[in-house]
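Two complexes come next, and they have one chain in common, chain A, joined by chain B in the first and chain C in the second.
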Partner chain A sequence: MFNAIVSADTLRTTLDSVSVLVDECKIHLEADGLAIQAVDPANVGMVDLSLSADAFESYEADGGVIGVNLSRLEDIAGMAEADQLVHLELDEETRKLHISIDGLEYTLALIDPDSIRQEPDLPDLDLAAEIVIEGRDIDRAVTAADMVSDHIALGVDEAGEFFYVDAEGDTDDVHLELTREDLIDLVVGPAHSLFSLDYLQDMNKAIPKDAEVTMELGEEFPVKMHFDIAEGKGSVTYLLAPRIQSD
Partner chain B sequence: MEFAAFAERARAIEGESADGAVREAVTELLRAAGDELPVVTRYVQGRVFPAHDATKLDVGPSLCYEAIAKAAGRNVSAADVEARVAEVGDVGEVAAAYDFGSQRGLASFGDGGTDTLTVAAVDARLRELATAEGAGSQDRKRDLLFGLFTDASPDEARYLARLVLGEMRIGVGEGTVRDAIAAAFDAPVETVERAIQVTNDCGEVAVVARTDGEAGLADLGLVVGRPVGAMLARAGSVREALDAWGEAVVEWKFDGARVQVHYDGSEVSLFSRNMEDVTDPLPEVVEAVERAADVPAILDGEVVAVDDDGAPLPFQEVLRRFRRKHDVAAAREDVAVQFRAFDCLHADGDDLLDAPLVERHERLRSVLGDEAVVSTPDLSDGPDEIAAIESESLAAGHEGIMLKNPESAYTPGRRGKNWLKRKPDVETLDLVVTGAEWGEGRRANLLGTFLLAARAENAGGAGADANSPRFETIGKVATGITDEELEAVTDLLEPHVRSEDGTEVDIEPAVVFEVGYEEIQPSPTYSSGYALRFPRFLGVREDLDPTEADSIERVERLADRQ
Partner chain C sequence: MRLDRFIDDFQRDEAAERRRLAEEKSYAVIDYLDEVTDRFDERLQGDSLFGSTAPEVFVGRSGYPNVSTGVLSPMAEDADAETFATSADWYAEGLGVGDVLRRRSGMLNSTRSAKVDVDDVWDGFVGTQREVAIADHPVDVEVGLADTPDFDVDVDDITTPTGPRARAREADLAENPHVPRPVEKTLEDDDWAAEGAMTYLYRRGFDVYEINNILSAGALGQGHNRRLVPTRWSITAVDDTVGQYLRGGLRHSDTVDTVEVWTNEFMHNRYWVVLAPGNWEFELVELKAPESVWNPDATGYYLASAHEGYEGRTGYVEETAGAYYAARLGVLEHLADRDRQAKALVVREITDDYWAPVGVWQVREGVRNAFDGEYGEAETFRQAVEALAPQLPVSKTQLRRKSNLVAGLQTTITDF
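Presenting the complex of A and B:
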């Protein structure tokens, strides 16, 4: 059983956070809210999202799982104004999702959840450094790195107590330093890892510019980025596996 | 089996040149394949899906290059990969030369998880890749491939890249695999051969050979709903046929598309020669078989496009129907098709592959009854009578005749001496070479595909306005040329090269080829308004200069006479 009403804005934010990594996903319809975990086809990037029942105007669910085509659902959500309400109701018989927006009725065929790629267990990582940073600063770093390279290195300088971003191109390089003052918070620890820029770019698209992002970083370890959505009633965690520096 | 072990053995096989050693190495590979035997049996031939399965990965070179570039490390672009492939001539070699270890997968940070690839894991991911469709599917395919390359060692990457592009090229064909299955699991080669023909899946045959041996293989039969290879004909003469067989079954040769009909007693499925399911595009064939057939059967025949008077239309019209996915009803209004059954592989529980042709024809008539659906063969021992049948066929607008050995078995997928296609001889054309393409791989230093042109009328004959002759293109020829001839032709053409763009070469009219063909068709592709069907190189007309080449006028005359 699933019957919920949510603002189009919240629904879109939720879907966008996941669709930057995958086209299809499983949505767990828990009694206390939605939960989505998904990993990209190459097993490199992962998203872990939860949206509390409080984020909805009304919410009823009893623990089922549905599989959805995200771009289809995004298109439908796109039919609504930001402040309009979207009514979602699962038809258990036909396994279809009925969506209504101000008189517009859409019946969405669902995907067999078993046919959707299984997400790996969230690895338990002990990451030494923690950087709390504004979404717009991540955007700035990613944009600058993209001008010269398809890789991006993130690290913390323990002695200088700053967070840095490096990108090396064939001819040009980019270096960005953010000190404790530029950041919201910084826990210094040994941290330096290299990442594929295009994954970080995709994740960046879904991070609100004014979000407070908690980034956890280690030595050649995945980076974890955590931020809230829906005015704190939901949260997103991205995990991105590093590239090992051989050159 | 770990994919690394497969790759290592594939490398060893590639290094062998003697047939016997290759066969032995493949035999050992099959013995070592374990649970993944069916997959390994296919992969070693560069095949991801069984032969009866038309599913395709649909991964083109550019998508593969993008995935390689993404996995290859810092600032490598798809264009870099493409340039290296052009230089090296083998995508496997290029993939193996990059360092793919750099991107880690998330799984390697979990509980004891690793990125080690098994053959089964590769297969699961390639199958997932094949299911991707619709918006964003190209990106998803690229990312899946990227994930695979990321987990691959250099040797694994070499064979992964070749496998996804369908260019395994380690010298292992169906025959080698057949012999290796026989040797590995101690079964007679003929039994394995027959099993592969009826199942159309060497992976399944390998498994049956291993578990149930010769007896198990002998029990394998045709399965209604699973297509097998079509028996093929080669060109031949009436004389040849009558000398060999005494008398011949003579059938009209239809200019259509080969279709295998599977009827399970309630539903009809249709398959094209490359095993694609063409049931939906051809509803009238389905209806005709449903009306006529009364027992489960597998039939072989030709689908022909016909005009309002029932006269046959050119082959392309049938193809238009084959490719139609939407608005089938409208297409059906435009071009009607008819089915002509000429063979029966299975009827009412009996496999008939080994039955003589004349007996199969009897079963065909008993299955369908309806004369309209069955091609009507004649049995003849007289050249004059056969010539008369041929004239009738041609007069009715068909392609000529087929000659078949009345006693012959049906050999799926084989081109043998028991079916001969006799067609009226067509005249050849002398055409000017106005362009070419550089070859690939081993032939990268040779011109390969040649653009042909006919002389435009106002260019006149030798002398008349010969200073500015105009040529209009009519097709490309790439077959019928030996390696030696290619070298000679390249030497002949190279001094006349005007410009090059990638592999495309523009050539000034200087050299004339004699070209054979099956048919001249109207076509918007070439500037002459015509195209040649199945053009083949017959020789260089060194005695002719371009102004003496055949004119478009002559092409038109020949086209009208067809």
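Presenting the complex of A and C:
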């Protein structure tokens, strides 16, 4: 059983943060809210999202799982104004999702959840450095790095106590340093890892510019980026595997 | 299939410049063209030419969708037309740059201008040309010429050079061409998308050279899409399509166990192929010697590279162009034989001695044959690159800045 009403804005933010990585996903309809975990086909980027029942105008669910085509669902959500409400109701008999927006009815065929790739467990990582940074600073770093390279190094200078971003291109370089004052918070630790810009750009698209992003980094380890959505009633964690130099 | 993916900004005057350079590098070719002129006079009967044509056709791309399209006929009377067509055998024969130019300049390209839209065109000049393209053996053709040939050689980075060219009035088959069964099948089924038909032919044992001719002649694909495909585009389209097919088959394969380094040298191009354990990733890095045909003005090496991850690329390669798809095919064929996936780095050094471009087949065969013989093993990809670096004409820093794989190999979440 699933019957919920949510603002179009919240629904779109939720879907966007998953669709940057995958085309289809499983949505867990728990009693206290919905949860999505997905990993891209190359197993490089992962998203772990939860949206509490409080983020909805009304919410009723009893623990089912549905499989959806994200771009379809995004298209439908795109039909609504940001502050309009979207009513979602699962028809258990037909396995279809009824969506209504101000008189507009849409029946979405669902995908068999078993046909969607099983997500790996979120690895248990011990990441030494923690950087709390504004979404717009991540955007700035990613945009500048993309001008010169296909990859980007993120690290923490322990002695200098700052977070840095490096991108090396054929001929040009980009370097950005953010000190404790420029950041919301910084826990210094050994950290330097290289990441594909393709993935980071996609994730960046879904990070609100005014979000407080908690970034955990290690030495040639995945980066974890965590931020809230829906006014704190939902949260997103991205995990991105690095390009490693030591092997 | 969207052909415009394969169009890039190759300027005509650049082509002329390359030809000039190639000519400067070897006057032998110019001398040879004089010989060809004499031989041609002997072969011509009135204004028509009778004889066997190579099972290869040429479709130009300038003026698309009105293109120049031609059949290629060797002018030596006793020539085995088959050997004049570009094929994997050219590697085994050990042809040099001069040999290719000589062989190709000994063939007349009788051309006519035609519209590319050829669904159901099986008569006239274009019809004859299409019959030649789908046949598996040289076909006797009588060509009526409209003017005297223009004795020159055209070179290009992707297509094999073509020699003297004359405008044709007409071309008629002098025998019934033999068309292999699988080709008939793709020809008859006009509801079959080109990609599927191409990979079907590949699976039935046709090499990309043959498929390229069939595609070029507009003899596969859905009916309303059938048109002549300029040779330059069709070569890349076939390499890309077959490559995607092979890559798809390896998605869930195990990976190679160790880091392997394979090398080859062909026509003054040196190749290194490094295969490392992990999910599919591919990169071609080209190092072009100063004063070579590809880098005429510079004093230093010119570096070009293109890369794809596990899911492939979406856009056309900005750098390395057709060589990327040709090299990738060579690597994928090897991996498909072993049913293994790998991270593959191909480094191609183009030396100054590679004095004229002979077409992208040279890259394909250079990489395919790199996997014959022995390979070196390394503990890690990094060590392989360390060992490789001193043999290369550029510094490790330059290589790292240009190469995604040298900068770092993509890991997966499950590696941690």
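Just so it is clear, the second predicted complex is superposed on the first by the 245 of 247 C-alpha atoms of A that agree within 3 Å, B and C clash if a C-alpha of one lies under 4 Å from a C-alpha of the other, contacts with A are read in each partner's own complex, and residues count from 1 in each chain.
Just so it is clear, contacts are C-beta pairs under 8 Å (C-beta built on N, C-alpha and C of every residue); 3 or more make two chains touch, one makes a residue touch a chain.
Everything numeric in this text was worked out from a predicted model, so none of it was measured.
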Worksheet item: Clash or fit: chain B and chain C on chain A?
Response: clash
Worksheet item: Is A:71 in contact with chain B, with chain C, with both, or with neither (first, second, both, neither)?
Response: first
Discussion item. Is A:23 touching anything from chain B or chain C once the two structures are fitted on A? First, second, both or neither.
Written reply: first
Worksheet item: So, A:243: does it touch chain B (first), chain C (second), both, or neither?
Response: both
Practice prompt. Applying the touch criterion given at the start, work out whether A:150 contacts chain B, chain C, both or neither, answering first, second, both or neither.
Written response: both
Worksheet item: Does the superposition put A:118 against chain B (first), chain C (second), both, or neither?
Response: neither
Discussion item. So the two structures are superposed on chain A. Out of 150-158, 204-212, 348-356 or 366-374, which stretch of chain B collides with chain C?
Written reply: 150-158
Discussion item. Does any part of chain A touch chain B in one structure and chain C in the other, and if so which residues?
Written reply: 39, 41-46, 120, 123, 125, 150-151, 168-170, 196, 198, 221-222, 239, 241-247
Response to the item:
Touching chain C in the complex, chain A uses residues 39, 41-46, 120, 123, 125, 150-151, 168-171, 194, 196, 198, 221-222, 239, 241-247
Worksheet item: For the complex, which residues does chain A have touching chain B?
Response: 23, 39-46, 71, 117, 120-121, 123, 125, 149-151, 168-170, 196, 198, 221-222, 239, 241-247
Worksheet item: Which of the residues in chain C end up touching chain A in this complex?
Response: 276, 279, 303, 307, 309-311, 380-382, 400-402, 404, 407-416
Fill in: Complex contacts: residues of chain B adjacent to chain A
70, 73-75, 99, 101-111, 113, 128, 135-136, 140, 143-144, 146-147, 150
